[in-house]
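One structure follows; several queries about it will come next.
Note that the chains take the letters A, B, C and D in the order they are written out, and that residue 1 is the start of every chain.
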């Protein structure tokens, strides 16, 4: 089922999108948390620009009273001071969304708020289930009805059913986790508890913060910084964390040895000022640049990054190679989600509206251009041609990740193989297609070096080594 | 749980509101029905001005694909040609809503669209269940989750569960009806069927129409007129009607001898150009005026109606009494749902903004003023005082219904007894409070005469004779 | 020059539109007047639904500080409590507009607010100048620049220039009036004065009201009623009224014997509860019906009015003829300015969406149908056919005005002759075209009787006797 | 006079704003130019985010038909494909505005479109007049009326009046220029001509571009790049350029030896990818950093820029000093014009929402932080404290411009002296106030070096050497 999406004029070319961000707070002192969640979501906006929402409850008020608001749009489009002021409550959860599974309609916005046998739940979920179809079918056969197409609704049902058998919500969450397969970082709010859970592979990040007498759960640490909270620790893959007035309890019974934390969070998705599972994102990108300088050296006059995610790797490349770092591109910061192309026939390409080249910085020079990834190749080709048109003598492209060869089933929108340029072409061919003078990718076996020797990450999009067997049918298309 | 209502500046004084209107179409020729539903809802707008929605499906398309759109606002605020054009499908259901049960949020807008074991359902419901709380609890104990506070969700659950036991949707509807108590006129759309059902007491109206190769279900006949469909017949109280490509099937196994059709539909709620269960609404109002002229005669110079619902009864009073009919009030047609009162201290009462008296029509005259009801008495008092200020020598108020003494539990917003002026005061006292020279109500025993001798109607708001025992707790407040 | 009109989906068929309404207040006690003006404009909304605006000033504050707000839309769409609250000032002027001259853009909304040699002026104007083109040209030749296409800007220039020669604003207004030809009721607000002026022919109405220590100027008395002000008197044709803290001054030096007050205000434009130049509008319409009953009698069973303007004349016809008055039509009150027709091919005509016939009221009957005018004839034809389809045996159409034969140059949108059905057809032919069984117009020589023997009115649209010679070129098309 | 500004929740702290950008096109081939102007304004958005507008005309169509649309908001908020499509015309002018003179209301949005003796004019203006008050008074005394508070209206009047004496618009523009004093880069569109003019001091930039058979005028070259036009040349200070079907004509009679081109365009206002009067903006900022490294050297571990304008100077500082360049700040790109602070009491400062520090990049390090200017000092203080909180051992602030000591009267919003921290404090005091370990400004005598030896620039905000004597009264406050 679909609700018409009337916000369909996105400015989307050849980019990847993260799918969701989650944020939760429990203020033991009873202060309203909606504006804090607003700021937190604001810092997580890069994880989803399609819809957002906030649900709050008052732990001292009548049990089960949840106030929520959600809509299509950016955080500062959906919320205003009046709406935030009406959202009274000292416990709450927020969500930003870019749809991967479930169509991009208002009905699919999160948090999901529901009544069940034990009162109310608010839920925010980042990830993608692999067995959602089967679970929906199974639930249907015992009389379940579904009003959205989001995985969160499936999880909610499982929790509601398990709650009939166990004495606590966190117990029900744990039991539900045993039934679902896939990627999920989850925040659940019950009338008196804030629960965080991360799937046993830990695909998606989730961390804990603290400010005075309030505890936080957040997809990334940058949101903790924004609201002035201290980072406490990451939620471990497989862990269920329960925050009540009595403090934090942890259940690690589902923790396992093998984890599969998304490596692309470091390369592209996460904000550079975040730290995920102990590793700084900015630092990992500097490292990627350094590694590229060693593995794919080139003689050149200047190293430039494709804004903005290419910049740290460019800096790392420069540090390692000694080739001066510079700026070659000016990005129009006013090109946002709402950039609208006129209908009239136009010579102006979207890339040109977004990026302009600093001619004087590159004219006559041999340029190393660092980008984080190549998906279809069209954007890279245009940027290389912009540099050449500006007078660059040579353009050497270095990509701070390995080549995409396989789709992702865990909640990112890496497309199917036939749309991935690397899937059908050799590096040399790609180099020619994008018009570069040389092309070098970060090698798969250097990914661990990029994150300072950590292991336990998922690199399936590069290697095809899926931590969980992917579904036979491409569930992504079916759900999108 | 609540979604914030940001449309809270309604212009509501001392009026009653109908709660909902439903409209459905199945076009066997495969034509899109969304614009026809739009027109139908437009004609039913008086039954609910808070939110509206349309859900459509294509009976020839992939089974289970439902497109829907709903939001807070009037039909022509929520929909535009672009949105209607995207709603492709030859079977559909629409809804207009004024909330009685369930808070007035966007989440509670209808139609409800859902996936269940056998595919998708679209549902629109007019009425109010008496055992919704018990049913929700019961369903919860087998793992149900609720995402709205509307009764339709409960009905949907029951249908989904019954569907596991019976081979057809209409069978599941019938079984669900055996479990629910209260008022409901229901339209259910499955991938290949349009089903209409009316509770065994027939509290709310529902009728069948036809145009070329399309069948219609509608709360009122006026919507059939607007879309150019012919009236076929009313759905009988307790009947389940199933429209498929093979025609109309009917199940009357729940029909019963005792019906309790809402008498207030004739007095106020329905549009005068509608015909309900064989009785014309306009004619019934003319009759009410005639009866008042006989039972509460008075010597006067002019008979005037309080716009707009008082006019037909005023005309009937004039016909019967021979006292000339006239207009005393000019209504500002631009006072709509969105009338907004400035914050600044004001002398201008809302009644005055809405109504102005034609001085020359009433000055020096003895006026018979006909209104359809008195709820709290404040509006009547102001209107009488406007007439007196305009020079009316006498004002004789005649009410085309009996006095409200009891709340309604079946889906209208007649308030609780302590807010009903008639509940604590005698007719003489009310007459004095509203400043009239005389006051006469339509007697309870004349209601049948008003509708040409028909019986089987509900007059519980006047008599307290509830067809179904009312709940111990006032469920209305709890749910509102 | 044009500003794009983005509100172009008006629901306009075959109706006439009044062009403007004006309202002004000066509160000597210093109270803010914006919300009072809002209410006043609300009561004048029928005179213009395209744009509206309010300008206020504080007579005790810094001289020349004017706050204003105007936009496309209805009064309650354009204003809200927040905007009204920001409009602080105890003297102000408001305007509602339906464009005849000047395109329907936001720039052309009124009041016009301007700075000139002596400070600031706010101006609201109802009417149409005949020599605007010449005056614009003349002014241009001394260096004037024009930023709108409304006549008010021309008047403003003349006042500004005359002000250089005379010691008072009201003197400048008077001198300006000597140069302009055409229809204008004008309210001018200077820092300490509220001035009302009516052209020497008095085409457009303007009256004075009083409430406590505040004086009012208004197009119609109904707006005085709405704000609780007493009617003081009409501004006389040619009179300039100046309201200051010292009271009301009047200059009648431009008053003349011959007046040409628009007769169509009584027939259609004005609200029935208004009194214009001593004559009640409602009463005049009753009279029109009575006269029709005498001059065009017919045997029939019921007299009905086409809502809403036809109702009083229908009542008059019934009173005079003894044929019972009844209702035949139900109007959908939710069809407003914003009614939007879906793009999809539709069988539903706009008339049917707006009006439904009460079958039981007319079936088998001989119906007298009263309407205020016939412009192109298409609407009348459709309504007659609706009545016949509902079973009316005969339909006798009576029109409460003479036949339109000539365009109006004074600010109403009566179209050019080739679009007026009466201009090319005899009464019998029109009767046949609209499908009526008989047709009767109010005769031209009965117009005076309609307004109780008053003379001095303009009936040029019926007779071609223009009080001022019309321009050679059709200025209306050029300006629209 | 004021129109209520309903967009008043700007996110403004301690920043400077450019005031306006202008863009014009004349396509000799007759193609519509509105979407090209849209793209051009988009590239100039950094010069004004408050309101914008486009006016177009068809040089082959009826003379004097101008279509325009303007409103408060960003370019992609105000325009959409539908609106652009309605703006048909092959000659046009566009404007983005941040108000300095004239209040920030919709009425003051540009372009100004007007009718005068010779037809229509469209005008867009960047700058600020010093004798606007006197000119308004003078014009008033010959009967002028003013409907806005923008300087453009004064210029328009002068052109209209001069046009009575000279045979061409460009002649009238030239004559008008002789009467006005101050800063103005101007684009004027007449029915068949596009005219660009720059004041004799050349305060504001203006350049000429070409694409196929179309000519362009633009505030900055970056907009030419965006629309794919080639840079032809700058309009010279004092020059009037007239573009007609016959090509470009130039009148340099007002060109003078002394120019006073705004030096702050290079430091902050212009986009780094623009080239102004032959000098690249990016290069000038690199130069500023290099100079600072030489004049205010310091031992440190990392050089960082305050995003985004501080980055190029930081790079220059790094190149010159050999201290590694790095990123210390992550800017939240979603903080836009519409960022709204919740009402609830908040701990989160606005700076923190906008900027987060990369702890690992600065912890334990001696940091050189480069910013473009210090206005009040509050922002600098907060950023220094963020760095220290992140563990920076030392923070050495270097400013890529001299200290602000004097207000600007030529169209930038450098505030009055009492708000400039440098006006009342020594460098050492400022260093202490902002909490830095050392502070160094670019010296005034190095400005010429920054722009590669060019002279003829205005540095009055640093030196007080105003090229035109400033007005006795602070006209800025009066007009704002």
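FYI, contacts are C-beta pairs under 8 Å (C-beta built on N, C-alpha and C of every residue); 3 or more make two chains touch, one makes a residue touch a chain.
By chain, with names taken from UniProt: A, B, C, D = Amidophosphoribosyltransferase.
Worth saying up front: this structure is predicted, and the values here are computed from it rather than measured.
Undergrad: Quick one: which chains contact chain A and chain B both?
TA: none
Undergrad: Could you tell me which chains are in contact with chain B and with chain C alike?
TA: Chains in contact with chain B as well as chain C: not a single one.
Undergrad: Report, in whole Å, the distance between the mean C-alpha point of chain A and the mean C-alpha point of chain C.
TA: Centre separation, chain A to chain C: 59 Å.
Undergrad: Can you compute the centre-to-centre distance for chain C and chain D, using the mean CA position of each chain? Integer Å is fine.
TA: Whole-Å distance between the two chain centres: 47.
Undergrad: Taking the mean of the C-alpha atoms as each chain's centre, how many Å separate chain A from chain D?
TA: 36
Undergrad: Could you list which residues of chain B touch at least two other chains?
TA: Within chain B, no residue touches at least two other chains.
Undergrad: Could you pull out which chain D residues touch chain C in their complex?
TA: 1-4, 6, 64-70, 82-83, 86-87, 112-117, 120-121, 136, 140-149, 153, 156-157, 160-161, 164
Undergrad: Contact residues on chain C for chain B in the complex?
TA: Where chain C meets chain B, its residues are 32, 34-36, 38-39, 42-43, 45-46, 49, 74-77, 79-81, 84-85, 211, 222, 225-228, 271-273, 280, 282-283, 308, 311-312, 315, 319, 324-327, 330, 332-336, 338-344, 346-348, 352-353, 356-361.
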